[in-house]
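There are two complexes below, and they share subunit A, which is joined by subunit B in the first and by subunit C in the second.
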Partner chain A sequence: MFETSLTLNDLMFMLKGAGVTLMVTFFAVTGGTLMGLAFGVIRAQFKPWVTLPLAFVLDIFRSVPLLIQLILANAFQAIAGYGISPFVTSCIVLALYTAAYCTEIVRGAIAAVPAVTRRAARSLGLTWRQDMTQVVFPMALRVALPSWIGLTLGVMKDSALVLWLGIIELLRASQILVTRLQEPMFILLVAGAIYFVLSFPIARLGAQLEKRWKEND
Partner chain B sequence: MGNYTFQWRQALRALPQMLDGALVTMQIAILSMLIGVTIAVFLAVMRNSKSRWLRAPATAWVEVARNTPALFQIYMAHFGLGSFGIYLSPYVALLAGIAFNNAGYLCETFRGSLRAIPSTQLRAGRSLGMGPATAFRLIVMPQMFRIAFLPTMNQMVWAILMTSLGVTVGMSTDLTGVTQDLNARSFRTFEFFALAALIYYLITKVVMLGARLLAWRLFRY
Partner chain C sequence: MIEIENVHKSFGSLKVLKGIDLTVAKGEVVSVIGGSGSGKSTLLTCINGLEPVDSGRILVEGVEVHARSTDLNKLRRKIGIVFQQFNAFPHLTVLENVTLAPRKVKGMSKREAEEIAVKQLDHVGLGDKKSVYPSRLSGGQQQRMAIARALAMSPGYMLFDEVTSALDPQLVGEVLDTLKLLADDGMTMICVTHEMGFARDVSDRVAFFDQGVMAEIGPPEQIFGDAKNEATRKFLSSVR
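On to the complex of A and B.
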């Protein structure tokens, strides 16, 4: 139990996998947040029945398992003959998945800004744009940021599923090592520790922010 | 669109098989929720206790469950335990992994609900002559479940979606497993998985709708 044939090279292999995990997460969260911001503003700004089609489409991404979304997207790009690499396919699927959740976060945060505050801003002569950037944004950010941090960590964890498309990220890397070294418990514990180290401090930070900002309300 | 011909009829012919798979999926999700809720109640009580020795293991469980991927937790149950000579079948490993994950997330939900219940409720129960366990069971727990009902149902949807991960440890009887099996035999990946996605979508919608109706029926007063 206390001796292992895991070498430094193997550990580097796992860390490289962790790098891929972080890269997928980065692209997915960046793309997803930009889309989520746009969709969220649209959802908050127009009447519900106008944005119903958008809400319906985004809801699909939250009601179908991510693994199936990845498989479907990969099969579709093959059928359509786009020839996109699995890495890019995964990033796109995860970005849409992120956008679906981010839209709800943004919409909720904008809705949390009291309507009277916005009306006051407009009656002071601020344009819609100024109202959005200088009144709504700072107030909504406090509501949205803790959930957004949670979403980012969730995407990081869910990005493990891209291994099904043959991308060697952290979990797949450890699986390869398990097959070679036959020490499943130890290697998986190392992989779990890496995930934990990546996720736990940021989760704590999010909880801290949430608590601190609640006191000021 | 290249020169691919969609063969939907083939997928539709496999529908009964896939619906059988959907039943297994529901079975795993419900079982994992029952186990998860039971453990989560204990974890929530332990995390609120004054004793460090009770708090530490509960905190560890919750933090590990929430800060590592669900797939990792299933891998631990399936491959990891092999180091100790324990070999779980894909079904049991999947169930254990999801139940572990559910318990971690539900513990936090329940803890939040417990905070919303005034401590005077418990004290009133105690002053009527109930023991601490009885007062908790009869006074606090029903209120806790009521506050936590919709978040718990959300977790149920998560559990349903998580069951699809079973295919990565060789599960072949749940909806994703059956679909993957059909796919491996026919290479009609898109058709079969599109149908599976539709079934998952309908299941989650029905569960959410059922939860709303149930909440409306149960918590009317």
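On to the complex of A and C.
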């Protein structure tokens, strides 16, 4: 018969960690998406050489492992004496990391809108802004959504790395319990299940939206 | 009135328009014919300011299209253009495609814009397709929707850029019929076309473009019956 020392209190401890995971993910994805939108539009609208410095900086965030970014950023803010909490530091680093990927998703999606469609919009007297908001964004959204959902789910899992800054999120909470209860298999199974429960609605939402749009195509 | 005065236009080192002069009076239908690469389509995109010109000027109702002080978005309300490629907004229904510009550009209410849109869609024979998405339309229907979309802005001028070239042969007729209706209504039109029958039957004047130059212009009977220019005769004998 299966037995475990995991109590309801322990489970609550894990769920509290899951709450932190959700919060870090929420701030990172919200901030990263807003920045990614702005940077993506800039990358799509201007000539490549104009946006070269921006592309270079974003490439750094995409190429350096997230763990190194987190540790360096935390160490830097400590040395500089900014007094930023590890939670805020984590959110900022993850947001920039998300923005770096999101920029390319947005740029690619805007580029996927046919030039003739945009020309038709402008020829009707729509301004650049109206063309963007009424034609380009709605069309680009359909292209970008699957990649954006993937990015969001990826960031949620990558957010586990913030445990290295001493933040007790879901994985760190599980580790603590593993050390105490010595039941790694079961506890990690529970942690995995919680990650799945967090991710599933987002993945489903994406699938639902895609299905609805597909009916029109 | 559209006045085109000595317009030159290049793409890089390629000279596309080499000094075009043309005046189109209110209510007139001018068809532009010629081989590919002769600059016909470029002229249309210059007229509504989608492309800048290198020199010369284009005036629409006395307003210089490429002057710095000209508000192009405002000017474009007067000039409708329909392109060769279907360019419906795929995320909007047929009705929404047609009401978008009147609402956003002219600031009309939804009801007002829909009244106009329904009228224009009926006019082009798409009255029963209002709530479908463009992907459910045939090529010919998409082109007619694009025409209704341009007409919903109540333009004074319509430019047609080879609107039947991308269509299956059996769909060409329905689009040409729509253009004929417009011509009968007295719309001022410049039609770049490969449909010689249409050019002959509907136009007041036919212009033949050859390598960036307007080689000849005249009434359809003269161009098709007694072309003065050697290149015109050669072109017409090749397409007949």
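To be clear about the criterion, the second predicted complex is superposed on the first by the 200 of 217 C-alpha atoms of A that agree within 3 Å, B and C clash if a C-alpha of one lies under 4 Å from a C-alpha of the other, contacts with A are read in each partner's own complex, and residues count from 1 in each chain.
Quick note on the criterion: a residue touches a chain if its C-beta (ideal position, glycine included) is under 8 Å from a C-beta of that chain, and two chains touch if they have at least 3 such contacts.
Since the structure is predicted, the reported quantities are computational estimates derived from the model, not experimental observations.
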Using the touch criterion from the header, give the chain among subunit B and subunit C with more contacted residues in subunit A. B
Could you say whether A:L126 touches subunit B, subunit C, both of them, or neither, answering first, second, both or neither? second
Touched partner set for A:M139, first subunit B, second subunit C, both or neither: second
Which superposed partner A:V116 touches (first subunit B, second subunit C, both, neither): second
Thinking of the overlay built on chain A, is A:Q175 touched by subunit B (first), by subunit C (second), by both, or by neither? first
Going by the contact rule set out at the top, does A:E3 touch subunit B (first), subunit C (second), both, or neither? neither
Per the contact definition, I'd like the list of subunit C residues that touch subunit A in the complex. 48, 50, 73-74, 76-77, 79-81, 83, 85, 87-91, 100-101, 104-105, 133, 135, 146, 149-150, 153
Subunit B residues touching subunit A in their complex are 1-2, 4, 63-64, 66-72, 75-76, 79-84, 157, 161-165, 167-168, 176, 189-190, 193-194, 196-197, 200-201, 204-205
Counting only contacts in the complex, subunit A reaches subunit C at residues 114, 116-117, 119-127, 130, 134-135, 138-139, 142, 213, 216-217
Which residues of subunit A touch subunit B once you look at their complex with the stated criterion? 60, 63-69, 71-72, 75-76, 79-81, 153, 157-158, 160-161, 163-164, 171, 175, 178, 183-186, 188-189, 191-192, 195-196, 199-200, 203
